[in-house]
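Here the chain labels run A, B, C and D in written order, and each chain numbers its own residues starting at 1.
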């Protein structure tokens, strides 16, 4: 069942310039991106900085205004809903942020942080509210007695789990995880990733997982979309993308990922040289005259590549 | 799996952390200068307000032609002015008036500055652009002259019109300061998080962002309070501050515009000057100490 | 074996926190040879950056003290006067930093910042300096050296800025370069380019590199020798093959098991319990990793909690590795 | 960069327009003919007054009056002073150079004090000398300028009799001689110094913070890693980056001085624009008041313009678009 359908969305930011500060051009942060999320799966959006992956995620929760295209959630068009009309859908679509330090208000107690969504949507008594908060705290592996603590008393990984608890309180169907582990150390990262997997099973969640670390994306995702300069250049199952990359950008990305075995070193340098050469030669066949990737074309049942 | 998680639960005693206010208070207690200033200020204000309460204002304002420009004596602790009025009495009433009025101005400018700063910084874009152009314009006006002209052309000039005129020009600095802080705060993910959690804009502004800029507002409020005492008395000194029915510290100092008073009758203007200096210095010391305390807390 | 370049012996660097000194680098010894890349790996807070700054002696002298010795060409750098150190810094030992945007002066052109190095360490004339700078820019793979020479840092992309940093570091052909997480702030494709570039320059000049990173993938790509640090100490040391293929210490093993890699399908990751201890609250007696592997018996640490050689060139701290196993519920992940 | 400057200059047009409308509105609120300064005898019979007003065009629609005023002003006709019985421009011309000279000398003093103290305090932060300097800035920041000026006048002008207590020049010296210049400077020293010593504290604090901020920056560490000696790090890296915001202060400093002129010139009885303004308000000479407000308004707008332009020149990061 299709939970979320994103069709040809564009997010343009104006560039002002000239004498009168008029809009002279746009940054095409997201420039025609389409994909679908099936219920219960994890879809990964991977790309480098400036590829528009985070903007895409944030556009879905309306942190950015969509310039064109449609976003359909459970068959309802969300694209042009006002804040008020959007409110009921907020319960279903939640977000986990990248930076565990800035995503929690430093002046609020854990209780207030986790209860914020409950207070917006439900009327529950103070004791009831505290019980719910403690229950979620426990679920993410934190001491339920710590509800009166402030965020600075927790480590990065613990804070990220507070953020996760907050997004779970409304029992969402879809969670957009915007680089949820990129600010964390490896050992802590593993813990948060394991959590996200457990919670997915427990609450039947669907994830849109935005990230730049190809290892993490592979670990988490069923299907993956590779973004480059605001466009999807390739989409497929993780097998398709990692074992059989077809777009030159995807190939370059894969070649750049460090390999844990030192023996492969010489071979990898050779591969990177070869791919870089290929990239230069085939650039004009994979990108149009404006340097824009073509639309995705299916090459197998699951695998799509941006080809002319 | 559970095993990994549970370890963090144990061995973490529930500690109640002191609130921000308590931390600042602890820092303040260590700072002897600030503490002394605070005690001094509170005692001056207590004395002045209670003395002014029991004092007969009309008695103080009554001209006594038999006691013109008398030097300090037992009867008149700080002598008398050109009208034979008791300087000490005027000092008490003047201090009370100066402080009260400055406080009102500071409060009004803080309210306006806070609201505009929050709105401009939070919404950004066109709103921010328009508000900032207005603020930039008001800041680049020759404020003193505009105030003096307004004071002269307003018919039926009262304390309230003075407070309003001052507010008109002095809300801008606060608005700009708060706006720049809010602008930085808005970029933080917790604001975006609140938006995705369905929290309305006004709640985000006043319940999420405001607590994070409140320490700056408090420090700025205190420093401005001192500044406004100076401004009010300077304008009154020039003769364009409070109406004559409401003497302030500036009124006493304004007698020094007469070179003879300045040179020979120090008791008329010096006590008021010292009073302003002492009040402004002690308010500033308290403010600076709070500023250091909040900075130190943020560094942690 | 190549010639030894730098020898660090029993180095302890302590920071002053609330009037008390705490060691962030605790009794550390190692050596770097010519034509060798030594990677120092560990999570944040393990003391690896503090070590880098100690070698260069760039710490705030009022708040830090360093003991032990850092021997470069027969002299102990810890005993040298600031003026002598300035002759070494940038000339013989230079440094590349993590965040190239803040590490470059925003108000100075790129060219001037490279020339500054040449100005203090060579006798080149102004004209020669400029010529040398342009060559350097070309060597680090900047496509339009003449244009970039006149640009300001904010006008360049992250990768280009890091290339400029490398040009500054290698300007005077130093024999040792300390690279402190030079690719952490960069995208993966740019990271690969920078790593290839560093490796390339290193092979041409035969210089030594101390490469500080938290990323074991990067270690596999670039290092010859690896030092794994935990809580200010070396926990394991050896050649890159040894450390990545036959790790012994529980910490090294745990780290390797907690990384999701592109080679593995969805599986369970190993989670290291607890947190890296802060330097002020650390328990400094015995094995410092014991709190994080509580299912391993206490006795296994008691035997010999010091760094020792288990096979030629392979050093491990503590003997707890002999009894170490992953908890059943945790890591099913196998490399 | 030039685009920024042109845009900034274009912004002056609406600013000037609004300023002129504000001044016009204030002038209309004043009694009599504040724009032209022509006399209307208030004791005359109401009909006569009305006829006079009609003749002067004071009953015309306000926009006509506004356009007439603006076109007169742009031709240099600011009306007549009621007390001095001459053209307003003449009255102002007599005084303006006194104010400009005083402002310049104040600026020189301000920066002469601020730059060395700020740099020393920032470079040797937390040393005893820094503590002395910061102590001074705290006190200076908290002291109202007018009280400090009065005390300075009382001490150095009256009690010690070291400086003149009024006027801008000794009336006995002949114009154009060296003694005349000396006397002028002598009259300015006390007011300029009194202003500078208080107003400079803000700049010292600012400069100190900048130096401290900059010396912690990563690029300073890079410079150290290059082997740049400490002193050169300050001269090449820290100073330049710290002066930048100070340069931008210049314009605001000018704006502040114009505002402060009213008070300082009154206290020291110094015949400049500020004192002229105040005496004209007292004498209800509103044509002069209007002209002075308009002119100083223009000057302060130029001051902020100058700040922005200086900043755009020294900071390459602003030179975008």
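Points worth noting:
Assume a residue touches a chain if its C-beta (ideal position, glycine included) is under 8 Å from a C-beta of that chain, and two chains touch if they have at least 3 such contacts.
Chains and their UniProt names: A, C = ABC transporter ATP-binding protein; B, D = ABC transporter permease.
The structure presented is a predicted model; accordingly, all values stated were derived computationally and were not measured.
Listed by label, the chains touching subunit A and subunit D (ABC transporter permease) alike are B, C.
The interface with the greater count of contacting C-beta pairs, when B-D is set against A-B, is B-D. Note: centroid distance subunit B (ABC transporter permease) to subunit D (ABC transporter permease), computed from Cα atoms, is 24 Å. Centre-to-centre, using mean CA coordinates, subunit A is 47 Å away from subunit B (ABC transporter permease). In whole angstrom, the spacing between the mean C-alpha positions of subunit B (ABC transporter permease) and subunit C is 52. Centre-to-centre separation of subunit A and subunit C, using mean CA positions: 31 Å. Among the residues of subunit B (ABC transporter permease), those in touch with two or more other chains are 1, 4, 8. Residue positions of subunit D (ABC transporter permease) with contacts to 2 or more other chains are absent. Shown for subunit A are the residues that touch two or more other chains, namely 191, 194. The part of subunit C that touches subunit A in the complex is made up of residues 43-44, 158, 187-193, 195-196, 199, 214-218, 220-221, 223, 240-241, 244-245, 254-256, 258-272, 275-276, 335. Interface residues of subunit D (ABC transporter permease) facing subunit B (ABC transporter permease) in the complex, by the touch rule stated above, are 15, 18-19, 22, 26, 29-30, 138-139, 141-147, 150-151, 153-154, 158, 165-166, 255, 258-260, 262-263, 266-267, 277-278, 281-282, 289, 292-293, 296-297, 299-301, 303-304.
Residues 136-137, 139-146, 148-150, 152-153, 226, 229-231, 233-234, 237-240, 253, 256-257, 259, 262-263, 266, 269, 273, 276-277, 280-281, 283-285, 288 of subunit B (ABC transporter permease) touch subunit D (ABC transporter permease) in their complex.
Interface of subunit C with subunit D (ABC transporter permease) (complex): residues 56, 58, 82-83, 85-91, 94-95, 97, 99, 102-108, 116-117, 120-121, 152, 154, 165, 168.
Contact residues of subunit A toward subunit B (ABC transporter permease) in the complex are 58, 61-63, 83, 87, 90-91, 93-95, 97-99, 102-108, 116-117, 120-121, 141-143, 145-146, 148-150, 152-153, 158, 163, 166, 170, 191, 194, 198.
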